[in-house]
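Both complexes shown next keep chain A, but they swap its partner, so chain B is in the first and chain C is in the second.
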Partner chain A sequence: MKQYVGEKRGRLEGLDKATGRALYAGDYRMENMLELVLVRSTISHGSVRSIDVSALPEDVMVFTGKDCAENIVADIFCDTPVFAGERILYLGEPIAVVAADTREKAEAAAKLVKVEYDLLPVVRDVEDAKNPAMPVLHGESNLLTDFFNEKGNVEKGFAESYLIVEDDFETPPQDHGYMEPDACFAYVEDDRLMAYTSSQNVFADRVMICRALGLTPEQVRVRAAFVGGGFGGKDGHTCQIYPCLVSWLTKRPAKIVLDRREVLACTYKRHGIKMHVKMGFSKEGKMLAFDGSAVLDTGAYAGYGASVHGLFTEHFTGPYDIPNVRLKTETYYTNKATAHAMRGFGAPQGAFATESIISRAIARLGLDPIQMRLDNALEKGSTGSLGQPMDHCVGLKDALKLVQESDLWKERAANTDPYVGYGVAGGFLSCGLGQKITDNAKVSVQEREDGGFDIGVGLVDIGQGSGTALAAMAADLLETDIENIHMVMADTDKTEDCGPTAASRSVFIAGNALMAAVKQYKKAKEAAECGIVPAKGEAAFPESTMDMGRIGFPHAMYTFVAQAVKLRVDPVTGSVSLLDIAAATECGKVINPLGLSGQIQGGIGMSIGFCLGEDCSFKDGVLVHKDFSTYLMPTAMDVPNIASYHVDAYEVSGPMGVKGAAEVSTVSIAAAINEAVRQASGAELNKLPLSPEEILKALESREE
Partner chain B sequence: MLNIQLTVNGELHTILIDPAETLLHVLREKLGLTGTKEGCGEGDCGACTILVNGKSVNSCIYPAIQADGCEILTVEGVEKNPKLARIQQAFVDHGAVQCGFCSPGMIMATCALLDENPTPTDEEIRRGLSGNLCRCTGYQAMVDAVKSLI
Partner chain C sequence: MSMFYQPLTAEEAIAYLARENTMACAGGTDLYVNRKHGKFLDKDYVSLDKLQELKQVTKKADGWHVGSMVNFACAEKLEIPGAACLAMAAAEVGAPQIRNRGTVGGNIVSASPAADSVPALMALDAKVMLRSVSGERVVPLTDFMKGPGKTDLKPGELMTEIIVPEGKGSSVFSKAGKRNALAIAVCSQAVYLETENGKITEIRVALGSVAPTAVRAYRAEALLKGTEEKALTCAEFKAALKAALLEDISPIDDVRATKEYRQTVAFRMLMHNLSVLWKEETVC
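So, the complex of A and B:
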């Protein structure tokens, strides 16, 4: 029998996408459909005094919070209104939605809605948020959450250190940059509301829609359309509620598609973070102490801010065995678009700071960058920065060794170009939702009359390839051709709630539930001897054995990477050209090497943008770079060849040995680039995106 | 409003348009050809790339009126041409299709690239695709896919 697991495979739905047949939420249309445009606030902080819609044409409709059963977005904190009114907390917050026969008509009408405001001072950044003279955005203070922990004795660790390196670092917010703008299409059929969403969790969509509209779950069916990328940015409130509300009230089909400027200015972001890292090392390069503090800017609403705070903190030290660790982190509200989940979930920011410090220590101690990391790497049986046990498969050392053996790293010694630099960094990322969060899945196996199988999974394949990976696993488990496997995913009527497509959990959690379902199916099949038997299987994500009393961290397992870059700085302009990248990943057993390479290369591309071009800063609450001609994501010219090396490993708690892999790819490359830039120019840079002016300045002073 | 004539994927259409209407709007809203995507509406991302008389253009900023009398090729037409359909299969086989939203535009850019230069170097492939943004793949798989067709 052919084995599919371990084999390279393009997407099962690939041709539907490549031919344009695949329908994304914005591609749906129906007779008599309404198109929606949001009326958004033109201020960052204040309240709405009045809304005047008298100038609108008669054939255009307007809806506000008064039209909702409850003007609240169901979420972890439930602090976000569907429509803002009493309080505007960021520029571009939805105030009303306009519905018309065409988008053009709705756009024109939205401009005719006159909103008057009462202004409040803008809480621009964390410094403002901490200032007692500034307004409080939620509750009693602008602090969303904080954390302090000390493992070992940090002062003693520093006292015993031969070298101490410390500095301040800053990373800006980043936009997810998914190519498909947020969209949703809804209609009413047989007295039920039907929605096609561009989302990472159709079951959470249903909860959100039901609460805002006052419906029961039975009244609503949510299906994921083809989703054009999410990266965390579609794991929450995007725009699902608006067409559902309009469609339910008018009984007409309704569609919303955000435009790119709305997506950039108003939707979720990666957290901007200011950090201070101090590390102590022995003469041989052993990491003896880590003292890290940070403030995260979470923007207007909580979103997943508290969860990102937790994972940032958990990953701040990097994947190293450090005996003495102190962590002090705080997250604050400000008047900006909400910061939320984004691929890597806080880890890339911390890795930029910590790995830059480690690289500088290595240079000062005259050590080998990979050997020094090998000497400090976590391994099975060691404890993490919070004291959490590493009981699972821990393959950082294997990943570092793969980079050490790569062509990129081997040619390093022969380089004679003074403007060429080589950098490497390690990284890790947890898998699963973490401590005390329900993290389970139910998968169904249903034999079909044509001899094939329907595999029901409630997760959304947002483009990362979970459907193709699970189909390969199902084919092997059911001992059939992959053509006989039909994935039925992300439909609240036909699949069971499996939680979000997030936390690098899909293939792990659904894979374990799939294995249980196949076992159930085989048992039932044996007992029945003939006929079609349905079967279901459940699984829960393992939790860490360490409980700090916190929700969401620590985790029971992590995935590991080592990433190296070769680059050249231009001595005339200070700009950076990436020449080559070698990326090694340990994520347990690899189901689809082509799929894994794609995740790694894509995540690296995203973090190249984070490092070199994407500046999503807000000035006085206003986004500075408002479109794709100024918010610069990498093109095919900016990303070099990326060789993806995979450690052959096996995680016993995972289905067929799997761990998660989608997010860890983003963690390390920015720090590796920063180190290579330091070697090539002498610039010790602490702020992203890296500034060509600073690089040029360093080059000039080096050459004097 | 005025009438224009477009030959889209080999089929002649007479279409009533607004003089300010974009070609993308005509394709998606009037002809129902939703394979062509809108990623930014400002000509920056390339998701709406199509061929007008064999040249790639960003249809989101291309006035429909300017295409009067032209031959238009969209991703839906690529599939009907066995020589070009190879590009679509190569994209799938090399993992160049992930979320798929940039795929139609990227495939149209590849059609134009290989038409102008059937044997591009890696550098030329990257330059040829540099008007099209992709957030999923890091572009490596696309370069691999195009190389497989040379």
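So, the complex of A and C:
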């Protein structure tokens, strides 16, 4: 029998996507359909005094919070209204939705809605948020959450250190930049509301829709359309409720597709973070003490801010065994678009700061960048920065060795170009939702009349390839050809709630549930002797044995990376050209090496943007770079060859040895680039995106 | 409702452009974005897309006549003697899709201070041919550019050709953008150089994104004319040259870069471009 697991495989849905057969939410249309455009606030903070729709044509409809059964987005905190009114907390917050026969008509009508506001002072940044004279956005203070922990004796660690390096660092918010803008299509059929969403969790969509519309789960069916990327940005309410509301009230099909400028200005972002890192080292480069503090800007609403805060803190030190660690972190509300989940979930920001400090220490101590990291790397049996045990598969050392043996790293010694630099960084990211969060999945296996199998999984394949990986696993487990496996995913009528496509958990959790379901199927089949037996299997994500009393961290396991870059700094302009990248990943057993390479290359591309071009900063609550002409994501011309290596490893708690791998790819490359830039130019940069102007200044001062 | 005319000859296009409230549409790469931002929505468009006669490049006594509808995909392959900077600038425009649509004439008439082809054409001393129902005129490109989005194009006029004189020297184009494709120039520069017996006999320097229009650096040129290569290593001369160049340009801070950065890059680019061209001149 052919084995699919471990074999390179293109996407099952690849041809449909390449040929345009695949339908995304915005591609659906029906007779008599309404197209929707949101009326968004033109202020950052205040309230709506009045809405005047008298100038609108008669054949256009307007809906506001008054049309909802409950004007609430039912997520973790339930702090966000579907439509803002009494309180507006960011520029571009939805106030009303306009429905018309065509998008053009709806756009024109939305401009005719006259809104009058009462203004409040704008909480522009975390400094404003801390200022007692400024307004409080939620509850009793602008602090969403904070954390303090000390492991060992940090002051003693510094006292024993030969070298101490410290600095301030800052990273701006980042947009997910998914190819498909947020969209949703809804219609009513047999008195039930049917929705196709572009989201990372159809079951959460159903909860939000039911609460806002006052419906029962039986009245609503949510299916994920093909999703053109999410990266965390579609794991929440983006626009799903609006077409559902309009369709349910009018009984006409309704569709919304956000404009790219709306996506950039108003949807979820990666957290902007200000950090201070101080590290102490022995003469031989042993990391003796870490003292890190940080302030995260979570924007207008909680979103996943508290969870990102937790993972940022948990990963701040990097994947190293440091005996003395102090962590002090705070997250504040401000009047900006909400910061939320984004691939890497807080880890890339901390890695930028910490790995930059480590690289500078290595340079001052005259050590080898990979050997020094090997000397400090976590391994099985170590304790993490919070004191959590590393009792799963820990392959950072193997990943570092793969980079050490790469062509890129080997040719480093022979380089003579003074404008070429080489940088390396380690990284890690937890898998699973974390301590005290329900993290389950239920998968079904149903034999079909044609001899194939329907595999029911409630998770959404948002483009990362979980469907293809799970199909390969199912084919091996059921000992059949992959053509006989039919994945049925993300349909609230036909699959069971498996939680969100998030936390690099999909293949792990659904894979374990799949294994249980296949076992069940085989048992039932043996006993029943009849042809068709439906079977279900469940799984729960392992939890860390360490409980700090916090929700969401620490985690039971982590995935590890080591990433190196070769680049050249242009002596005329100070701009950076990436020449080559070597990336090694330890994520347990690899189900689909081609899929993993795609994830690693995609994540690195995303963090090249984070490092060199993408700046989602806000000035006085207003997004500075409003479209793709100034918000600079990397193009094919900016991403070099990326060699992707993986460690041959096995995680016993994972299905067939798997750990998650989708997000860890984003963690390390920015710090590696920063170090290579330092070597090539002398510039010690602490702020992203790296500024060619600062690099050029460093070059000019080196010339003098 | 806008009208959209699609004439087959320049003659016909000019007749349409004589009507009120019309504007020519070349590749449409700029117009598409402008319309999205609510500009030019009430205009009637005269498409130049089918005008084969404006897509030709021909050599005549006064130089090479480049049709205004020559797109950048074609321009990046042009081998006009002494005019390498034009092909290099064309290759830096946007991305392949934009180079397939965008035209040299459209780039000039849109009059962005950051247009890639304009500094190249200015360094080549190009002229533009303008036709209307009442006749035709030829204007030096340096006089044609008036400000951001502003040119000397009169109502009813159609730019039909760009005349590039053939030179015996060599030229080069550099661009500082914030990424390697689809980047608007933060500073761009074209230099045309002729030398004789180790001395500069002709030099033209033009820059983009450092003034309201692309500009010639006349003061810097005057200093460079007649000098030898080794003068470029003299600190005093370099300081004087930098001062002259900074007087030639008037960059501002904007969302893409600061004034100081543009100034620094403009001078470093000039030194770089001169050394590149000098090498070429000695090889020839």
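Quick notes
Note that in this section the second predicted complex is superposed on the first by the 704 of 704 C-alpha atoms of A that agree within 3 Å, B and C clash if a C-alpha of one lies under 4 Å from a C-alpha of the other, contacts with A are read in each partner's own complex, and residues count from 1 in each chain.
Basically, contacts are C-beta pairs under 8 Å (C-beta built on N, C-alpha and C of every residue); 3 or more make two chains touch, one makes a residue touch a chain.
Predicted model, so just to flag it, every value in this text is computed and none were measured.
In the overlay built on the shared chain, the residue A:G305 is in contact with neither chain B nor chain C.
In the superposition on chain A, A:T635 makes contact with both chain B and chain C. Judged by the touch definition given at the top, the superposed model places A:V572 against chain C, while chain B stays out of reach.
In the superposed pair of complexes, A:E693 makes contact with chain C only, with no contact to chain B. By the touch criterion defined above, A:G344 lies against neither chain B nor chain C after alignment on the C-alpha atoms of chain A. Using the contact criterion defined above for the overlaid structures, shared-chain residue A:G434 touches neither chain B nor chain C, since it reaches no partner. Using the contact criterion defined above for the overlaid structures, shared-chain residue A:P500 touches neither chain B nor chain C, since it reaches no partner.
Shared-chain residue A:E180: touches chain B; no touch with chain C.
When chain B and chain C are set side by side, the one touching more residues of chain A is B.
When the two complexes are laid over each other on chain A, chain A has residues 628-629, 635-637 in contact with both chain B and chain C. Considering their complex, residues 571-575, 577, 612-613, 624-625, 628-630, 632, 634-638, 692-693, 696, 700 of chain A touch chain C. Against chain A, in their complex, chain C makes its touches with residues 95, 174, 176-184, 186-187, 255-258, 260-261, 264-265, 268-269, 272. The residues of chain A lying in touch with chain B in their complex are 8, 10-11, 13-24, 26-27, 29, 176-181, 226-229, 231, 257, 259-260, 462-465, 594-595, 597-598, 600-606, 627-629, 633, 635-637, 639, 641-642. Listing the residues of chain B that touch chain A in their complex gives 32-42, 44-45, 47, 74-76, 78-79, 88-89, 91-95, 97-104, 107, 122, 125-127, 129-143.
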